[in-house]
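Shared between the two complexes below is chain A, which has chain B as its partner in the first and chain C in the second.
Here is the complex of A and B:
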């Protein structure tokens, strides 16, 4: 049952991302991308990571996508529906490169390298927080400093002269 | 672990390739380039969460949280840059920003 849900969600995520990539109106692309992120959040839940799923919905689909929407609507982009899609000569190098990456990836995934899957262990919030603050406390400090720097930089770039 | 790790990693690889295609194809549009970077970072998060589920420890989820926090910092700064550039030249076409000075 859960396997079927996983594969359906994987198809939803890939198709929504495909639409987002080929869409030329940025607002439509953002909406497709939010759909893809919701599907990805449910996949995280199926992969025994409910906390990552919640963060994905709150921060990615909630905050970052809304920030994108605000900025796109704030900028006067003219007529985005009249923007022409990139020509074929723009598409083929990207497609060839990504097919190369996918082919090498398929070779790697086919190897018996990953071993049998371990017994599923639900990681509760207590264990997550213990690992986060006990083993990676310095990284938490660095990431908070990074958020502060980003805030100061955004304020500096956004001021009116 | 409900599905083999290789299937999760394959989904992650497909998403990463789609993000790379978006970044390379739309290299004339700053906003679509940022969307491609978002897709690639999400593929990385999916790989971390899949590894965390396969080996049953929390480190992968912790790194997923770090990537999400890093992305929010990156997006806020990048969108501030986009607003700044749009205010100067009234466009988000990256070909217009060839010279470093005014």
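Here is the complex of A and C:
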């Protein structure tokens, strides 16, 4: 049962992401990408990680994509669907990177099996928070400092002259 | 995942019952709003269809179903059709985690009066409320009309801003209950509801949910007097009805959550728990209608000022104070 649901969701995620990349209209691309995030969230839930699932929706679909949508709605884009497809020189870095990822995947897949995957275990929020803030406390602080820099930078750019 | 046939049947029964209850309650909330507003404004309100106008919701549904479904020529067809559903579905889904009574014991089985008691229930609600933004934004954008676009942009900015203070005002609740599970949050309020410990958080949450359901004094996305009807100006028939009913479902669900987080959920003396819960939800619904009959609309800069410079810092300070209180005492 879970496997069937997983394959359906995986197909939805892959197809939606493909559409998000190829769609010329930015608003449609955002809707496809949000769909993909939703599918991913449910996959996380299937993997007994409800916290990751909820954060996927709150942060990616609910905050970042919505901000993108806000910016796109504020800009007058004219007729983005009539824009020509980007030339090869614009997207060859993406091709190189995806080839790298594919190659590393092939290498990993060819390697001898490194034992069965650990049995899925559900970790509660308390345990998750303890691991995150005890073992990786410094990293969390550094990342939050980085966000603070971005905030101060935005404030500096946006202040009235 | 339940595999037992009985469990699946039970889940389906609960879903059907809850869906029917919520839709009926939302339809009657529309009538209640019209009657109460009329009463506040010294009018009579709709009283022709059935006794005391009680069949008015039925008449409204028939009217909306038989109206023409207009799609503006320049509209983005798919998103235009999708948006009303995106506005109503998250509100209905949130009901899944709200407990509306203590577990029943039926045929020797323990039946929780809640569709699913997720251990991340509170976050589930926040996730769905952040998704509800899409309905407003896409509806406003896809209509290809100035008024709708302005309403959509306003709605987007407002919902994002007030989601922040709403989420932050719930952190003290989690700190006091030691859990994100709504069942545990209700259980933690068995003796004293959290409004006693957290009056400030309750006030911030109340203001934020009024903004989240786009009600007066925060109805800028719709603002009849300046934007016609804002993001749903171009919609007609049942699609408009879906936006409309979605708003009332939102009132019910947010009222239910406010009751769950701060007023002790279904706890209460003498009356049966489910009745207590319904009374609390209806009290919030009445409060929102009362506010609509009483308050003027905020200006846009006042709205942003209130959200970002007053409510959010207050909620943060409140979290710190609660933390200090828990650590010291």
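The rule we apply is simple: the second predicted complex is superposed on the first by the 135 of 161 C-alpha atoms of A that agree within 3 Å, B and C clash if a C-alpha of one lies under 4 Å from a C-alpha of the other, contacts with A are read in each partner's own complex, and residues count from 1 in each chain.
Methods note: a residue touches a chain if its C-beta (ideal position, glycine included) is under 8 Å from a C-beta of that chain, and two chains touch if they have at least 3 such contacts.
This one's a predicted model, so the numbers in the text were calculated from it and none came from an experiment.
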Just from the overlay, do chain B and chain C fit on chain A, or is there a clash? fit
Looking at A:74, would you say it contacts chain B, chain C, both, or neither? Reply first, second, both or neither. both
Which of the two partners, first being chain B and second being chain C, lies in contact with A:8: first, second, both, or neither? neither
Based on the superposed arrangement, let me know which partner A:136 touches: chain B (first), chain C (second), both, or neither? first
Residue contacts on chain A - larger count, chain B or chain C: B
For A:33, is the partner it touches chain B (first), chain C (second), both, or none of the two (neither)? first
Which partner does A:61 reach: the first (chain B), the second (chain C), both, or neither? second
Could you look at A:51 and tell me whether it touches chain B, chain C, both or neither (first, second, both, neither)? both
Scan A:96 for contacts with chain B and chain C and give back first, second, both or neither. neither
Smallest Cα to Cα distance in angstrom from chain B to chain C after superposition equals 13
Under the contact rule defined above, give the chain A residues that sit at the interface with chain B and also at the interface with chain C. 2, 51, 55, 63, 67, 74
Looking at the complex, which residues from chain A come into contact with chain C? 1-2, 27-28, 31, 34, 41, 50-51, 54-55, 57-58, 61-63, 66-67, 69-70, 73-74, 124-125
Residue positions on chain C within touch of chain A in the complex are 1, 76, 79, 82, 118-120, 123-124, 126-128, 130-131, 133-134, 137-138, 140-141, 149, 152-153, 156-157, 160, 163, 180
Chain A residues touching chain B in their complex are 2-3, 6-7, 10, 13-14, 17-18, 20-21, 26, 29-30, 33, 36-37, 40, 43-44, 46-49, 51-52, 55-56, 59-60, 63-64, 67-68, 71-72, 74-77, 83, 86, 90-91, 93-95, 97-99, 101-102, 105-106, 109-110, 114, 117-121, 123, 127-128, 130-132, 135-136, 139, 143, 146-147, 149-151, 153-154, 157-158
Touch list for chain B against partner chain A, complex: 1-11, 13-29, 31-32, 34-36, 38-39, 42, 45-46, 49-50, 52-62, 64-66, 68-77, 79-84, 86, 90, 92
